[in-house]
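Each of the next two complexes has chain A plus one more chain, namely chain B in the first and chain C in the second.
Now for the complex of A and B:
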C-alpha cells in the first residue's frame, strides 16, 4: 500500500475537483464554454461591436477617445468597472427579496439551456443524455423572462410595471414563434436529439437551407423576444425610463443589461446547432482537444457571427411600436411559423430526409 | 382651396413587395455604409474646421493706421469698444501729444464686425478663428498692447485643419483642408476650360 502523504491527498482532491466539478461536462458547459465565461466575453465584444457598427453606419466614430488605435476597445472595461463600483440603491418601497433575487435568477436561468446542448458528437462529453435535448433546451430557454416581470412588479414603479406588461406581451407572442420554429425540424428528422440533428447536417445540407422560413422566423423571434437594441420594446428609453429596470442601479443594472444579451447568446447557440450546422464541417476526433474543444469553438464562432449580424441590425431598423410588433407576430410570423412546420412535414413526406 | 398633395405612385404597390423591397434596400444601404463609412463627426481638439478669410473672429488693431476717429466706439452695438487716451510722440511735430485709441472688452463683444466695416483706414481686422480660452473675466478686457497683437491660435498647433465639402455621390464629406484646396483648384480649372 502506498504511503498516504499530505501532498498526495491534496493532489487527489485537486484532481477530483478538476475531473468531477470543473471539467464535469454539465458544470463545464454552464460555467465556461458556452456558458458564463464565454457568454461574458462574447457579450463584452458584442456591445463594443454593436456601438462601432452602428456608429459606422450612422456617420459617427463610436467609442474612440480612450484608445484610438484599438477603436476604443477598453471603453467596455471602463464601463464594466463603472457599473461594478457604482452605488447600489434599493428603494424603500420595493420588495427587497424579489428585487435582489430576480436579476440573478434571470441571469442563471438564461444560461440554463447551455447545459442541455451538446458541443460534440462523442457521448463521453455530453452534459446530459441527448435523447430529448432539443425539447429540454427549448423548454429551459423560456424560463428567464418570467423574472423580468417579477423585477418589474418588485420595483413598485409605474414605468417598471408598464415595461413588465410589455415584456409579457412580447414574450407570449415571440417565444411561441421561436419554439415552433426550433421544433419545426423535428418532423423533418424524426428526432429530438441535437447530436442527430447536427450529424445530419454533416452532409453539407444545413437545415437553414432546407427550411429557410423557419430560420428567418427564429431570427426575428430572437431579435424581438430578447429585446435587443433595435427592438427594445419593454425598456424603451424614450417612453418608459428603462422599462422593468427603472429602479435598478449599479451592478444589478449591469446584470440586467447583460441579461438580454446572454439570452440572445443562448438562443444563438441553439440556432447554430439546429439550423446552421453546429460544428458541421469538422468531424470531432479522438481526445479532449480534438473531440471537445475544437467543435465547441466552432459553435462559439458561428454563434458569435449570428449575434454580430443581429447587432448590426440596430443600425438599420427603427423600433416598432408595441401594437405593430404584436400584429407582426400574430398576423405574419405565427402563420409563417406554422408554414415552416408544414414545409418540414412536406419535406419529410416527400423523402428529403435520409 | 388648399392644393391637392400628389401622392407619388410607387411601382411596388403591394404589401409584400413594399416589405421585401424596403427591407432589402435598408439592409444594402447599411452594409454599404458599414464597409465604406462616411464619418462626418468633427473630433474637435484633434481636428478643427479651417475657416475662410473674412470670418468674423477676434479683432486686432493696427496701431499706425488708426486716426482716432472714434467711429468704431460709436457704432459698437454692445458697447464693447471704448477709446482710451494715450500719450504719443508725434513725429512730424516732434512733441508728445494725447491721442485716443480703441480697446475692446470681449465680455461684451458680439463679433458683429461693424467696427471693422466702419473703420475708414482699415486699422482693424478679423482673424479667422474664435476658439480661445481666458482664465478669468478680467483677462477678456484687453489693453492697448494686447489689442494690437494677434491672439495665439492654440488649436492649430496640434489639430488638423479640415473642411466639409459636398460630394455628388456621398453627400457631405469631411476632408483635410489642404486636399480640399487641391480639389477646388482642379474643378476650377476644369470649369474654366469649359467656359473657354
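Now for the complex of A and C:
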C-alpha cells in the first residue's frame, strides 16, 4: 500500500468519522449544539454575566483583574483551569464509586434532553423522530437530579446528607410543576411534536402569550430545580457549607457547580421551544447554514436571555426557607399548573387553536 | 468540674459525652464554618426542626483581662479595642471613664462632644456591619455589599477624625487624642444626607422585600419578659419592647445635652431586630449632626484635661496650633505623663451603650503602673444565651435568620 492510498484511506476514515459520527444529528446535538459545547460556552458567559450584573447592582466591579478591557471575561476560564489542576481529595469515608460516578452521570443526564429537541423544522437535521419529542424531552429532564442525592449520600458528611434530603424534597416538589406546565400545551395543539409546536408559533402568537401562567410556573420550577435564587436551598451556604457538594474538590466540584447551570440550560432550551417560539419568527431555509445553524442560533440566543433573567434574580432576593419553598410549590404552583392545563383545554375548546 | 463527670470528662459544651436520642441528628455548626463566625453552635435536629441548641463560646478567647494586668494603663486602650475593632470607641470608652473616676478628673466639654461624635460614627459602622452580615446569612448579597460599602463612608469619617480607620484609640484619659479637622463638619453633613437616602433604599430592596419579610417575620420571637429574664441588652432588648439604653438611664459624656430618641419595637422577632438597627442609625445620624453643629459653633479650646495638657512639650502645642507646616493641625502625640501614669488605689466601674448593647468595665487599681484587675462584660456575651432558648423549635434554615439578627460578634464575647 503506497502513501497515496494510505492517505486516501485515512482521509476517508476521517471524513466518515466527521460525517457519520460528529454530524450524525443525535451525537451532534448532544456534543455541540445545543449540547455540551454550546452549554459550556453559555454557562461560562452566564456565570460571568451573573457576577457582572450582580456587581453592577451592588456598586462594585465584579470580575476585572484578568483583562480589564473585556471586563474580566476570561475570569471563568482561569477558574476552570484552577479547578482542573486543583488536588482532588476523596475522603476515605466516602463511597468511592458513587462519589466519582454521580457527578459525571449528573452532567451527562442533564444534557440528555438535548437529544430529543429539534433545532430546525427540516427533518434531515432532526436527532430523533419528532412524534413524541416533547414527552421524551420532559421525561429525560427528570433523570439528573437523583444523582445529587446519590452524591450527598456517597459523601458521608452530615451537611451533605442534609443537603441531599433538601434536594430530594425540592425534586419532588418542582418536577410535577415543570412537567405539567410543559405538557399544558398538548391539549391546546393536540400534539407532542415539538416541531409542530414551534411551527404553530410561527404565526407570532407564542404559547407563552396564550398561557402565561404555565410560562411563569415553569420559570419558577426551573429556578427551584437548579437552586437559583430565591430557592438556593440545598446548597445554602450559611447552614450547610455547600450542601451535597461539601466534600467535593477540584474538577469534580467544578462539574457540580456547572451541573446546575447546565440543567438550567437544558430547561431554558425546552422552555424556549415550547413557550417562546423556538426559532420563530425565522423560517428555516435550504442548506445546512440557513436550515440548521441560523435557527439553532436563534434558539440559543433566546434561551440565553431566559437564563440571564434567572441569573439576575440573585441580586434581588435572599433565599426562602425550605418549608416556605415547599408550601409555595405544593399549595400555589401546583394548583396554578393545573389551572394552566385547564386554560389550555378551554382555549382548545373555544377554538383558539387554528 | 460539676457532678457526674465520673470519667473525668468535664461538662463543657462539645466535650461532654451524652447519649443522643433516637431520630435526633447532631450537627456541629462551626467553629470553622461559613455561617457561624468564630464560634460553634451544637445543634440537635429532629427532622428539620432544632430541638437543642448549644452555643459553644471560647474559640477566640484571648485572655484580655489577664493581659491587661501586665500592661501600663494607657497601653490597655489599644488592647481592649481588639474586642470589637469596628466599634472601637464605644468599647474602650468605659475603661477610660473608669480610670478617669480613679484619677478624679473630668474631661473638658469639647472632649465629651468629640467622644460622643465618634461613638455615634462607630455605632453606625457597627450596625451597618451587622446588617451586611445578617443579609448575607439570608443569601441577600446585594444588601451585604451595600452595607459594607456604605460603612466605608463612616470608616472614612472616623479616619478623618482620628487618623485610623478602625483601631482609633481615640478617647484617652482626660480627653481625646485630637480635634476635628477643618473640613470635617461639611463631610459629616454630606455623609449624614447620603446615609438617610440610602436607608430608604435598604428598606426597598431588603427590609420590605417580601422574600426577606417572609424569612424574618415571627421568627425568633423573644417576649418582653423573656428578654428581661435572659438579660438581653442593647438593640435586641429594645426590639423586644424594653426601653433600656445606658444613654437614657445613666447619661454619660455629652449625651445629656443631645436630643435623640430611643427607638423601641414591640414584636421581638428577627424583623424587629433588623428594623431596630435601621432606626438607631437614623437617631445616630441626628446625634452626629448636633455634635458637629456644637463643635463648629464653639471655639477650639481644650480637648484634653489640663493635668495632662500642661505636661505637653512646646513642639506638641506648636503642632496643635498649626505652626509647623508639614504636620497636620489639631493633633498631638500622647502626653508624656501617660507613659508613667500611676493611678491612685481604688475601685471604679463604668458603662456605656455600645453598638451591640451595654458594655461594662470594672477597674481596680493598687496604685501601680498597671491595673490590678480589669473586668469586662460585653453585650455579645450577654446576648449569646438567647440562642439556647430562642432557637429550639425553629427550622434549621432559621438558624442564620436568628443568629444574624442578634448581630453576633464572637471576638467581643470571647474577649
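Quick note on the criterion: the second predicted complex is superposed on the first by the 348 of 354 C-alpha atoms of A that agree within 3 Å, B and C clash if a C-alpha of one lies under 4 Å from a C-alpha of the other, contacts with A are read in each partner's own complex, and residues count from 1 in each chain.
Please note the rule applied: a residue touches a chain if its C-beta (ideal position, glycine included) is under 8 Å from a C-beta of that chain, and two chains touch if they have at least 3 such contacts.
Just so you know, these numbers come straight off a predicted model, no measurement behind them.
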item: Superposition on chain A - do chain B and chain C clash or fit; value: clash
item: Touching partner for A:237 - first (chain B), second (chain C), both, neither; value: second
item: Dominant toucher of chain A (residue count), chain B or chain C; value: C
item: Touched partner set for A:263, first chain B, second chain C, both or neither; value: neither
item: Contacts of A:302 with chain B and chain C, given as first, second, both or neither; value: neither
item: Partner chain in contact with A:317 - chain B first, chain C second, else both or neither; value: both
item: First, second, both or neither for A:53, with chain B first and chain C second; value: first
item: Touched partner set for A:61, first chain B, second chain C, both or neither; value: first
item: When the two complexes are fitted on chain A, the stretch of chain B hitting chain C, from 115-123, 133-141 or 151-159; value: 115-123
item: Residues on chain A lying within both footprints (that of chain B and that of chain C); value: 57-60, 315-317
item: Interfacial residue positions of chain B with respect to chain A in the complex; value: 26-27, 29-30, 33-34, 37-41, 43
item: In the complex with chain B, residue positions of chain A that touch it; value: 53, 56-61, 64, 312, 315-317
item: Contact footprint of chain C on chain A as seen in their complex; value: 54, 57-60, 158-159, 162, 229-230, 232-233, 236-239, 241, 314-324
item: Interface residues, chain C side, partner chain A - complex; value: 25, 27, 29, 33-35, 45, 48, 135-142, 144-146, 149, 205, 209, 211-212, 214-215, 395-401
